[in-house]
Amino acid sequence: MYFASDNSGPVHPQVLDALARANDGYQMAYGADTVMNDVRDKIRGLFEAPGAAVYLVATGTAANSLALATLSEPWQTIFCSPRSHIHEDECNAPEFYSGAKLTLVPGDEKMTPQALRQSIAGEETRGVHGPQRGPVSITQVTERGTIYSLDELRALCTVAKDYNLPVHLDGARFTNAMVALGCTPAEMTWKAGVDAVSFGGTKNGLMGVEAVVFFDESKAWEFELRRKRGAHLFSKHRYLSAQMDAYLTDDLWLTSARQANANCARLAEGLRAAGAHFLHEPQANMIFASFPRGVHKALHQAGAVYHLWGATLEGEDDEEMLACRLVCDWSISNEQIDVFLALL
Amino acid sequence: MYFASDNSGPVHPQVLDALARANDGYQMAYGADTVMNDVRDKIRGLFEAPGAAVYLVATGTAANSLALATLSEPWQTIFCSPRSHIHEDECNAPEFYSGAKLTLVPGDEKMTPQALRQSIAGEETRGVHGPQRGPVSITQVTERGTIYSLDELRALCTVAKDYNLPVHLDGARFTNAMVALGCTPAEMTWKAGVDAVSFGGTKNGLMGVEAVVFFDESKAWEFELRRKRGAHLFSKHRYLSAQMDAYLTDDLWLTSARQANANCARLAEGLRAAGAHFLHEPQANMIFASFPRGVHKALHQAGAVYHLWGATLEGEDDEEMLACRLVCDWSISNEQIDVFLALL
Amino acid sequence: MYFASDNSGPVHPQVLDALARANDGYQMAYGADTVMNDVRDKIRGLFEAPGAAVYLVATGTAANSLALATLSEPWQTIFCSPRSHIHEDECNAPEFYSGAKLTLVPGDEKMTPQALRQSIAGEETRGVHGPQRGPVSITQVTERGTIYSLDELRALCTVAKDYNLPVHLDGARFTNAMVALGCTPAEMTWKAGVDAVSFGGTKNGLMGVEAVVFFDESKAWEFELRRKRGAHLFSKHRYLSAQMDAYLTDDLWLTSARQANANCARLAEGLRAAGAHFLHEPQANMIFASFPRGVHKALHQAGAVYHLWGATLEGEDDEEMLACRLVCDWSISNEQIDVFLALL
Amino acid sequence: MYFASDNSGPVHPQVLDALARANDGYQMAYGADTVMNDVRDKIRGLFEAPGAAVYLVATGTAANSLALATLSEPWQTIFCSPRSHIHEDECNAPEFYSGAKLTLVPGDEKMTPQALRQSIAGEETRGVHGPQRGPVSITQVTERGTIYSLDELRALCTVAKDYNLPVHLDGARFTNAMVALGCTPAEMTWKAGVDAVSFGGTKNGLMGVEAVVFFDESKAWEFELRRKRGAHLFSKHRYLSAQMDAYLTDDLWLTSARQANANCARLAEGLRAAGAHFLHEPQANMIFASFPRGVHKALHQAGAVYHLWGATLEGEDDEEMLACRLVCDWSISNEQIDVFLALL
C-alpha cells in the first residue's frame, strides 16, 4: 500500500531488460551511441516533428531548468503557476540555470488564460527597470492531479503568442495526461503552441530519464552546451538511450500511463464511495482527498504509506478531516488498492 | 579493440545484477532509500572516516563542480593543472557552480609543490582587486595517466595548508591510482590532507555514479542544497545507491581497477617492445604513446578504435610519428590487446 | 512644476561645494581616502553603532543587491512586498547578485507581520526541495509613500527573528521616514531588529551615493569583495565620500528630508482641498492621488511633469478620475506647488 | 610628488564646472537627460560611427564586464593577456557578468598575433566538452604602459576575425594611446576591427565616467538590460553625461592625455639620465623602472608616493635594484617631477 509518489515504485521490467541488452560491447560516449539515433527518430516520429531537437537528461529538474534557460534571458521573468514544480520543488534550479525570475500567475492548480494575460500585461510598463517578459511554463499533468484540456492549452499558448513569448511544457507526467485526453503528442504540444517540452519518463516506469524536445531546432547547440555546462551530459549515455528506447517500444509508455491512471481511478472510486472529500478532481494518477483522522490512523497502522497534505496525524480529534496526497504508478496492484479501500 | 575511453565499455555484470535486486518494491525517493545507508557506512568504513558526509551524483563533472562550489566562494580562484578535467573538459561547469575562476599552475601533467606555491603566492598582493585564494584541486590519476605518489600528494596538501586552503581530489580514476600505489583510501585522501574527494565509479564499471565525500561534515547541508539546486538529486536514488553498493561489495572496485591497470600494462609492454615512444610513463590505465602513421592506419583499418592526440590520420608520410591515447577498462580482453599488438 | 521623481531635481549646492573642496591634491583610491574615515565615524555615531561596517556605492539598486547578497545564500528566498523596489524596479539585480529568489508577501504597500509570518511558515515543509528561508527586506518609506511605525518595524523584525532570519531595510528614502517618525537612526534600524540598511542619499539631494551599513561587522570583508566583484568599487572614491560627508554635515540630510516632506504636505493639503482622492495616505514625500482627466490635461498643458499611474491622458471622458504619482524633493519651491494647485 | 596612480589626482576643473552647470533645474532620470543626447552625438561623430550604441557607466570594471558579457556567452572563453586588468584587477567581475572564463594568451605585456592564434586554435578540438571560443579583449594602453601600434591592433583583430570572434578594447587609457599614436578614434577601433570599446574617462580627469561604445547597434537593448541588472544605471544620469560632455568639449580629453604623456616623458627622461633601468619602454603615462633601494628610501622620506613593484622598501642592501611603477596624470606639475628627479 505505497501511494507516496510515482518515484518510489520499481522500474518496469522491460526497462531493466533493455539496460541488460544495451550492456553489450563498446559504444561512443556522450550521446553518440547508436541507440540515441533510434530514440531521436522515434520521438520525432511520435511527435510528428521531423526537425525536432531531442536530448536526454536524468532528472526532471534538469529537463525543466535547461529547457527554460534555453528559452529565456537572465533579465526576463518566467510565467508559471504558484503550484508549479519549477517554483515549489526545484530549490531555485530554474533561476540558477536561467538567471530569470518567476512570476506567479494567481490561481490554484491551473493557470487560466485570463490570469496569464493579466500577469503578462502587468509586466508591461517599466521599460528597463522591471524584468522583461519571458517564457510561459505550463505543467501538464498539474501538480494537483488535474489536466488541461487541449482547448485550455491552446488558449494559454495563444496568450503567450500574443506577446511573442515561447511556451514550455513541464511534462513530468506527460503520458498520463495524453492518454487521459486521448490525444496525440503533437496535439498536446506544438499543435497547441508549445515550443519545448520536458517529456518525462522517470515517473512512468523508467529509472531516471527525461527527454527535452525543442520543436525549433535552432536552439539545439545552445542546449547541448548548457547541458554539458550544467554537468548533465552522461558519459555512458547509452543507458539513458536504452531506457527511453524501451519506453517507446511496444507502447510501454502508453500502457504504463494507462495502468497508473486506471489504478488511480479505482482508488478514487473507492474513496468517493467511502465518503472522502476531493480537493481537486483526480484526472490522472494523483488524488488529493480528505477523510477523518481516525481513518488515516488506521491506514498508517496497517502500513499504508502516503503523505498527509498540510496536516499531521497527531491530534485528538479523530473525526477531523485531514487532507492527503495519494499517487499511483503502473506498479500498484488491485490488491493493494482494495486492501487500502477496505480500511476506509 | 576498443581503447577510446574507459567510459565506452559495458557496465560490470555484478552492477546490473544489483540494479535488478534493487528493483523490488517501494523505496523512499531522493536519497532516503535504505541502500544509501549501507553505502554511507561502507564508504565511511573504507575511508576510516566515521563522520564523513557522503553523497552520490551521476556524473564526474557534477561531483567536481558541486564539491568545488561547496569548498569555495565566488570571489576566489581555484588552483589546478592546465591539464585538469575541470579546466579542459567541463565546459565552464566548475565556474558555473562555484562562481570562482581557475588559476592554472604551470606545468604539464602533474602539479609540483614548487609551482603550486608560486601560483598561490602570486595571487597575494592585490587585496580586494584580484580574486582571493581558493581551493587546490588535484587530479589523481592525472589526465595523462600518471599518478601522484603519497609523498607528492602530501607535499601539495602541505602547500595548500600553509595558505589555509582546502584541497579537492578529482578521483574520477581514484581506485586505479589507489591499487597502483598499494595504499588505503584514507592515505590517499584525508591522511594526506585532502578535504573532499570525487570518488569515481563510472570509469571503473558503474553505469553512472560518483560519490562525493567531505571529511568535514559541516559542509553537508550546503552540499545537499547545492546538489538539488543543480538538478543533480535523483528521485529514484536507490538505483545510484545500488550501483555504488555493488561496487564496494566483494572488492569489485578493487578487482576492476586492478584488471584495468593490468590490461594497460600488458598493452604498454607490447608497445614498448614494438618501439613506441611514450609521452608519459603509463602508471594506471591510460597510455599516451606515439608510433608511425602507417601503423595507425593499419590499426584503424583493422577496426581498432582510439583517439589520435593532436594529430590526424590523413597524411602522406607513413613514417611520421603520431601520438595517440589508449585507455583500458576492466572489460578489455587479453585477446583484444594481443590482436592490437600483433598489428604494430 | 516637476513632480516626476526625487531623482530628477538638482543636487544640493552644499554637496557641489563639498565636491569642489574634495578636489584638492591627491588621495588614495578605492575607499582609502581620508574623507571616508570621517564618513564612517559619522555614520557609526549617528547610528550609535561603533562597530558597524560602513560602505558607499553609487546606486540604490547596488546598495540593495549587494546587501541582500551578503545576507543570503543562493538556495534561499528573500521575503518582501510585491510593491518593493527590489521586486519591481531592479531588473533581476537582487537575484543576479544573490542567486536567491524573492517570495512576495501578500499585501499592498506594507507588509503585515501576519502576512509575513504566514509566508515564512509556508516555505516550511519541503526540506531540500523548496528554497530555504532567507532575509526579510523591508522598504521604508514604502514605494507608495507610507511609513512603517516603529511598532510595525519591530513587529516585522520579531517575526524574522522567530525564524532566525536577517532583516534588510531598503532605506532609499530613509531620512524622509525618520524625520516623519521623529525617531533616531538607531531606533529605525538595529534597535528595531534590522541587520543591514541601504541608507539612501541620492533621492535626498546627493548626486549618487548610498551607504550600506551592517550592524554586525563580521560580513564586512565579504561585502567588500562582493562590491568589487560587482564593479561597484569606485577608484576616485573620495567624491562619494565627500557627498556623504556633506550630507551628514550641518544636518543637511535632515533639513532636506524635512523640506521634501513639507513640500509634499503642502501639495497634499491643496489636493485634498480640491477634492482629489488619495490612493494611499501620503506620509513622506510621495502622493498617489486621483482627480479628473480634464484637470490632468490642464496641468500637462501648463507644463506640469509627473507620472500618471496605471492610466493614460488620452481619452474622451474628462470627468474620469485618473491616478497619478507626485513626488517632491527638497528643491521644489512653494511657488511651483501653488501654481500647480491653482490649476486644479 | 604623487605618482601612485592616475586615479588619485583631482578632477579637471572644467569637469567640476560642467557638473555645476548641469545642476540646474529638472532632468529626466536614467539616461533620458538632454545632455546624454549631445554626448551620444559627439561620440558618434568623433568615432565616425553614426550608428554606434553609446552608454555611460561609472567604473572601468563595469564598462569592461558589461561589454564582455554582451559580446559573449556563458559557455565561452575570453582571450586576453595574463597582464590584463580584466584578469588581474577585477575580482572575477568579468566572469560574474559574462559567465565565461578567461584564457590567458601567453606573453608579457602585449599579446602577439601568433600567440593569440595559437591560443584560439588550442581551444579547437573538444566539441561540447571544452569552453567555446569567445571574444578577444585587448588592453590599450597595456597595463605595462606600452601601446599597440595600429598594425599590431589590426593583426590581432585579423586573427579574431579569422575565427569569427568579436573584439573588445579595454580603453581605460584610450586617449593616452590615441594621442601617442597620433591616430583617430576610428582608426584605433572599428577601422582596425574592434567591435566594442571601453572608452575611459576616469583616469584622464573625470570623476568617474567611462563610455561603452558598440559599433554594431544590434546589441544595444541587451546592454541596457545588462547595465540595469548589474545596478549600473544611474538615476541622476545627467551628472555622468555632463562629465563626458565636458571631456569631449574644447579637446579636454586630448589636452589632458597629452599633458599626462608629456609629464611621463619628462619623468622618464630624467630617470634615464639618472641611470634607471626600464622594465618596459614607457609609451604613454606609466613607467616601470628600477633603481637602487637607497634612492627609493630617499624618495619615500621626501614624501614621494608611488608603488614598488614586486619588491619591498625594507632591506639592508641599499644598492639592490628595486622596481617601481610611476604613473602621471594631467595634474602632475613640472615642479613635482623635477623635485622627484633631483632626489635620484
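Going by the order they are written in, the chains are A, B, C and D; count residues from 1 in each one.
The rule we apply is simple: a residue touches a chain if its C-beta (ideal position, glycine included) is under 8 Å from a C-beta of that chain, and two chains touch if they have at least 3 such contacts.
On a predicted model such as this, the values are computed, not experimentally measured, just so you know.
Counting C-beta pairs in contact across B-C and across C-D shows that the higher total falls to C-D. Most remote chain with respect to chain A, judged by CA-atom centres, is D. Between chain B and chain C, the centres computed from C-alpha atoms are 51 Å apart.
Our note on geometry: chain A versus chain C, Cα centroid distance of 42 Å, whole angstroms.
If each chain is reduced to the centroid of its CA atoms, chain C and chain D end up 34 Å from each other. Chain contacts: chain B has residues 74-75, 90-92, 96, 128-129, 132, 225, 228-229, 233 touching two or more partner chains. Note for the complex: chain B touches chain A at residues 2, 4-5, 7-11, 13, 16, 19-20, 23-29, 58-62, 65-66, 90-93, 96-97, 202-203, 207-208, 225, 228-236, 239, 305. Those residues of chain D lying in contact with chain A across their complex are 30, 73-75, 128-129, 132, 222, 224-229, 233. The part of chain D that touches chain B in the complex is made up of residues 74-75, 77, 88-92, 95-96, 99-102, 104, 126, 128-132.
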